[in-house]
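Written out below as structure tokens is the structure these notes cover.
By letter and in written order, the chains are A, B, C, D, E and F; residue numbering begins at 1 in each of them.
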Amino acid sequence: MHMGAFIEEMERLAPPDLAEEFDAGKIGLVVEGKTDIVRVCCALDATPFVVHQAVAASADVLVVHHTPIWTPLTALTGRTAGLMRDLLSAQMNLYVMHTNFDRAAEGVNDALAELLSLTDTEPIASGLIGTCTLSPAEISRRLGGNLRLWGEMKTCNRLAIVAGSGFDPALIEEAQHRGADAFLSAEMKHQVARLSPLPCIEASHYSLEAPAMQRLARRKGWMYVDDPPLLQIIP
Amino acid sequence: MHMGAFIEEMERLAPPDLAEEFDAGKIGLVVEGKTDIVRVCCALDATPFVVHQAVAASADVLVVHHTPIWTPLTALTGRTAGLMRDLLSAQMNLYVMHTNFDRAAEGVNDALAELLSLTDTEPIASGLIGTCTLSPAEISRRLGGNLRLWGEMKTCNRLAIVAGSGFDPALIEEAQHRGADAFLSAEMKHQVARLSPLPCIEASHYSLEAPAMQRLARRKGWMYVDDPPLLQIIP
Amino acid sequence: MHMGAFIEEMERLAPPDLAEEFDAGKIGLVVEGKTDIVRVCCALDATPFVVHQAVAASADVLVVHHTPIWTPLTALTGRTAGLMRDLLSAQMNLYVMHTNFDRAAEGVNDALAELLSLTDTEPIASGLIGTCTLSPAEISRRLGGNLRLWGEMKTCNRLAIVAGSGFDPALIEEAQHRGADAFLSAEMKHQVARLSPLPCIEASHYSLEAPAMQRLARRKGWMYVDDPPLLQIIP
Amino acid sequence: MHMGAFIEEMERLAPPDLAEEFDAGKIGLVVEGKTDIVRVCCALDATPFVVHQAVAASADVLVVHHTPIWTPLTALTGRTAGLMRDLLSAQMNLYVMHTNFDRAAEGVNDALAELLSLTDTEPIASGLIGTCTLSPAEISRRLGGNLRLWGEMKTCNRLAIVAGSGFDPALIEEAQHRGADAFLSAEMKHQVARLSPLPCIEASHYSLEAPAMQRLARRKGWMYVDDPPLLQIIP
Amino acid sequence: MHMGAFIEEMERLAPPDLAEEFDAGKIGLVVEGKTDIVRVCCALDATPFVVHQAVAASADVLVVHHTPIWTPLTALTGRTAGLMRDLLSAQMNLYVMHTNFDRAAEGVNDALAELLSLTDTEPIASGLIGTCTLSPAEISRRLGGNLRLWGEMKTCNRLAIVAGSGFDPALIEEAQHRGADAFLSAEMKHQVARLSPLPCIEASHYSLEAPAMQRLARRKGWMYVDDPPLLQIIP
Amino acid sequence: MHMGAFIEEMERLAPPDLAEEFDAGKIGLVVEGKTDIVRVCCALDATPFVVHQAVAASADVLVVHHTPIWTPLTALTGRTAGLMRDLLSAQMNLYVMHTNFDRAAEGVNDALAELLSLTDTEPIASGLIGTCTLSPAEISRRLGGNLRLWGEMKTCNRLAIVAGSGFDPALIEEAQHRGADAFLSAEMKHQVARLSPLPCIEASHYSLEAPAMQRLARRKGWMYVDDPPLLQIIP
């Protein structure tokens, strides 16, 4: 397959114009490699481990959710130089789908909803709300365990989910108005927790977004490279 | 005691010019009440519960770390109207010490170091590094339990601490250069954890900063009002 | 009456989307009090005198033209603390209609036109033009006396009026093109007077805008609290 | 006299580096004419009348307080084209001293103080405070009559004066702290009058600043061209 | 002819709303003179020589491509004072057509295309592409000689032309995609030449734009004043 | 030699704090390669040809004057991807000295002065002035020929030179005041040539700056890779 055709396919999957403005120039083809594509790898982040695995697998494209060049750069040094050397030397393409994939049908939030068996879902600004019949312990198990619960959760019939860093006061308020009993996302801040009208379940950023990349790889027949951050509770 | 004299005393304790620029207009006397001061209460945040306790105790001043008017406002409605009504009706003064107290001698970081029995401390940008002989489990116990550990921690002889939200890549790098084996703070982000050259211990914002307000109250003979956010692990 | 219903009624009277952009966040419910509304007071400004009168009259809402919190604030001290204490302690709502009321039908400019018995009116940018049969002395009498006249006024058949601070060169030019013989507003500046192609009549800001609040009170059966600034001529 | 020497003399009188930043590029030689200087005229503003008088008097330089090109321009049309045609055709230089002359020794505020016979003067930010033994009526007489008095003036022993448009809340507060009983300036605004802790005397901008230009002309032996705006009271 | 009618005629020729945003306030009537128009002169720039010639010819309007007041000014001194004195004293109007004339039908690029006998032209962003049968030497001859050629030009069937300063990387790339074999414009920069995918022919700014003014003068029966900059090659 | 030591040596040669602000992040180590340094290449620009020659020569460092990453980038595609692939794959360091080298002793302007045998040199803002005894034809010969001369040059005893793109009106005026008879630089613009009080000699950017890199290579014993842009005159 030609890389141009691959890009077209990806853009159907996650249309670039769905992306937030801050993603301008940071999605799509971020590192350009060879033009003939046979093997594709997929991961959440382009970490050194992920890139090594992709090189070892002779991948022609690596598809990730987070660009490794977030801050515009005028020099390639240190860790970035190493990463770019590995990608460019192998002529591997790096393709990024970020907020456009969050919002795409069958995208990041949909994959998370599927993982948590949500039903009767409806969209909210950057996520969705659905009926959840899982116990908190089961939610935790499916998300890798050791979630943090802010506030007191009684029953949770309707659960709002926002994959990624979604604990925004306006979003939580929107979820409450739309009938949510709890709000699941990552990267809670003290002041937001203080003022939240809903109990908040905090998972890791990785555990909320990786399922979508994993599911994408499964559907496409690509190799998925798992590289969760090491995270444990000290009781 | 006259409120003017009280303010002078507080400014000796936490000089306003130690504060970050973003604190301009957000520290010092944030709500003006009566001028004769007898009773003082102290807390981390001016939550509704804290203000009610202070009113019940007939406090003339409430000293807190976080201002309840962070975003400049042109209207007093909802939760803010309620809080301001309680303070103003009681003619209670609200006095805020924020980043100026973080950096003050005997301030927020010093209190945290004391709580963790750090020795041989030396300052870094927004915190300090000290020798720590506590086990991770004991650190967790003293900070209210259930810490999150990002990365792999082998031995931790020298521990960097930054009370509040201090997981900044430049800070962590500084700590590493200064010999730290681990970095303790609050509000970790995925990308920061990914790139951290040190293992990171994440406690709650409250557990890192409340000790300083508690110690201040103890030394001054003020009433301390504890109001930690509800936080638990779902294993 | 419920405060929500009262707000809806006010928004019909002076639709918020008629307001200038600089009024964003500074009109509507500026201080939130009780929800059951019986008595309403009305004034041009929320001065201490006006608030005291409204409290004495057990008003549940005070409707004014100028917000007392123009500059966004991060602290309630001094005069503002006193004003907010009086309002919040009494659980009195403060409701502001500013440029949206200037432009509303039956709003500030219409009330001024009525006071000056203008006929055949047509709108200009922030005010209107109408046929005026009053003598300058009678105009002055109706506006509290002692107007200042800049330039030479011969006959004044068509008079442009802009309630508030409206001596803007572009506005005056517009008025001239539309056939005005003179321009009435408040707060003249030297350079504007110098270049004005029309004679300008300068009244006080208060005398031009208070009539609208007074008329509103009369129509609604509210109490109007008059509090003009002290202004006299030293001949 | 050579124009270069004339400019040096003027810069000694009103050093350009005393000027406010907003005057950058708007003081000094604003229109360049001939280089040999014999006759000089002086006025407050470069109005068409003033320029005609200066041309009629065969002046080689016209010295004014207010530049006629305040807003930077990319076209010479209308009134400005006419004014520049008159100046350039006559090869007349136009020299402007603005905030640098306000602040100069023997400058605008000093001339006003002299006119009002103030004694024991001390400087404040943009003006000065002095002991005033004149009655309000006499002050008015010396400033062309028909002043406006905002607030209630009891005795006025110490008078603050700021020539030009000086009714700034911070300035008035400074004057009060320095012992002023009243504040004299031009171009009052409603909100400023409302909050002023001092009674305010409002004269016209012209009457406060013209005396300095007149005195300068007298001392230098230049012709002074008087062109006050037409201003009268409609009682 | 009345100047108003002349302006209308010019605006039909080069509609102001075709102009780039940076031309706002810098086209149209830039210096206002007399209202009755008999003689018109035309040139590329309003240089002192051009204005002298126009004055000598008793022109009532001078039409140029480049405004002499590009940077907004607050003073008329030096060379600008001299130029404005000449124009204003003669009551000559100065009328500017810039990017609106570049883009007008029969405008700057069209005149250049005609001069180079281009056929089958199609527009690109700020210029056009056409079939060129002239030899490079003949192109040079028609443009005053001594062109600079950047890169290697083999055959040039389709030539892109952008009158003025048009060597912009995005434009050159657009021209290449549209089939151009070479790109003709003025004011080349090293980095642009380095990265250009097309050979670039650099003429002088004057030689590319003057033909349009000359042709305009010829068609209208105006006097054209030629004033090319002195430019020669040192071999 | 260790790369760290090499960088120290380069920083002594061209201290980074001599650079213009716009060079922040764009000088020094721009692409990081191996740490042991044996062979060094040197050129003006990091063009594909230059990089290929450096790779062929097994260089460990390539020292250039112009960074290939001027605009901060968030993606490595097209030409930049190719260039970075070549550099990173070869583990070659790319080191940039720009405006810091222009201003360094023995830097870009000094090398140009030497090439033109200037004597009695004195510095001006971004270049220098010196006595020149060469004929224009000889200057042209030493700079690769075919210079463009703007204006009329009579005798040229004192020549101002600014390597790079230095035809700035303020600089030319400074040179005139300092006694220069002509001004040599690159990348002339029409408006600048129009207003220049001095005759201007325009060479190519490359011919003015390459001599410094060549001389540096010669002194250090590095290989110099010459890659001038193709530039010829069409008479």
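Here is the rule we go by: contacts are C-beta pairs under 8 Å (C-beta built on N, C-alpha and C of every residue); 3 or more make two chains touch, one makes a residue touch a chain.
Since this is a predicted model, take the numbers as computed values, not measurements.
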Separation of chain D from chain A in steps, with touching chains one step apart: 3
Shared chain contacts [chain A and chain C, defined touch]: B
Fraction-based call for chain F against chain A, same above half, different below: same
Intercentroid distance (Cα basis), chain E paired with chain B, Å: 66
Whole-Å separation of chain centres (CA-atom averages), chain B against chain D: 54
Separation of mean Cα positions, chain C and chain B [Å, integer]: 46
Overlap residues in chain D, where contacts from two or more other chains coincide: 70
Complex contact set, residues of chain C against chain B: 25-26, 28-33, 67, 69-70, 72-78, 81, 84-85, 88-89, 91
Chain E residues touching chain F - in the complex, by the definition given at the top: 45, 47, 66, 70, 79, 136-137, 139-140, 145-152, 165, 186-191, 193-195, 201, 204-206, 229-235
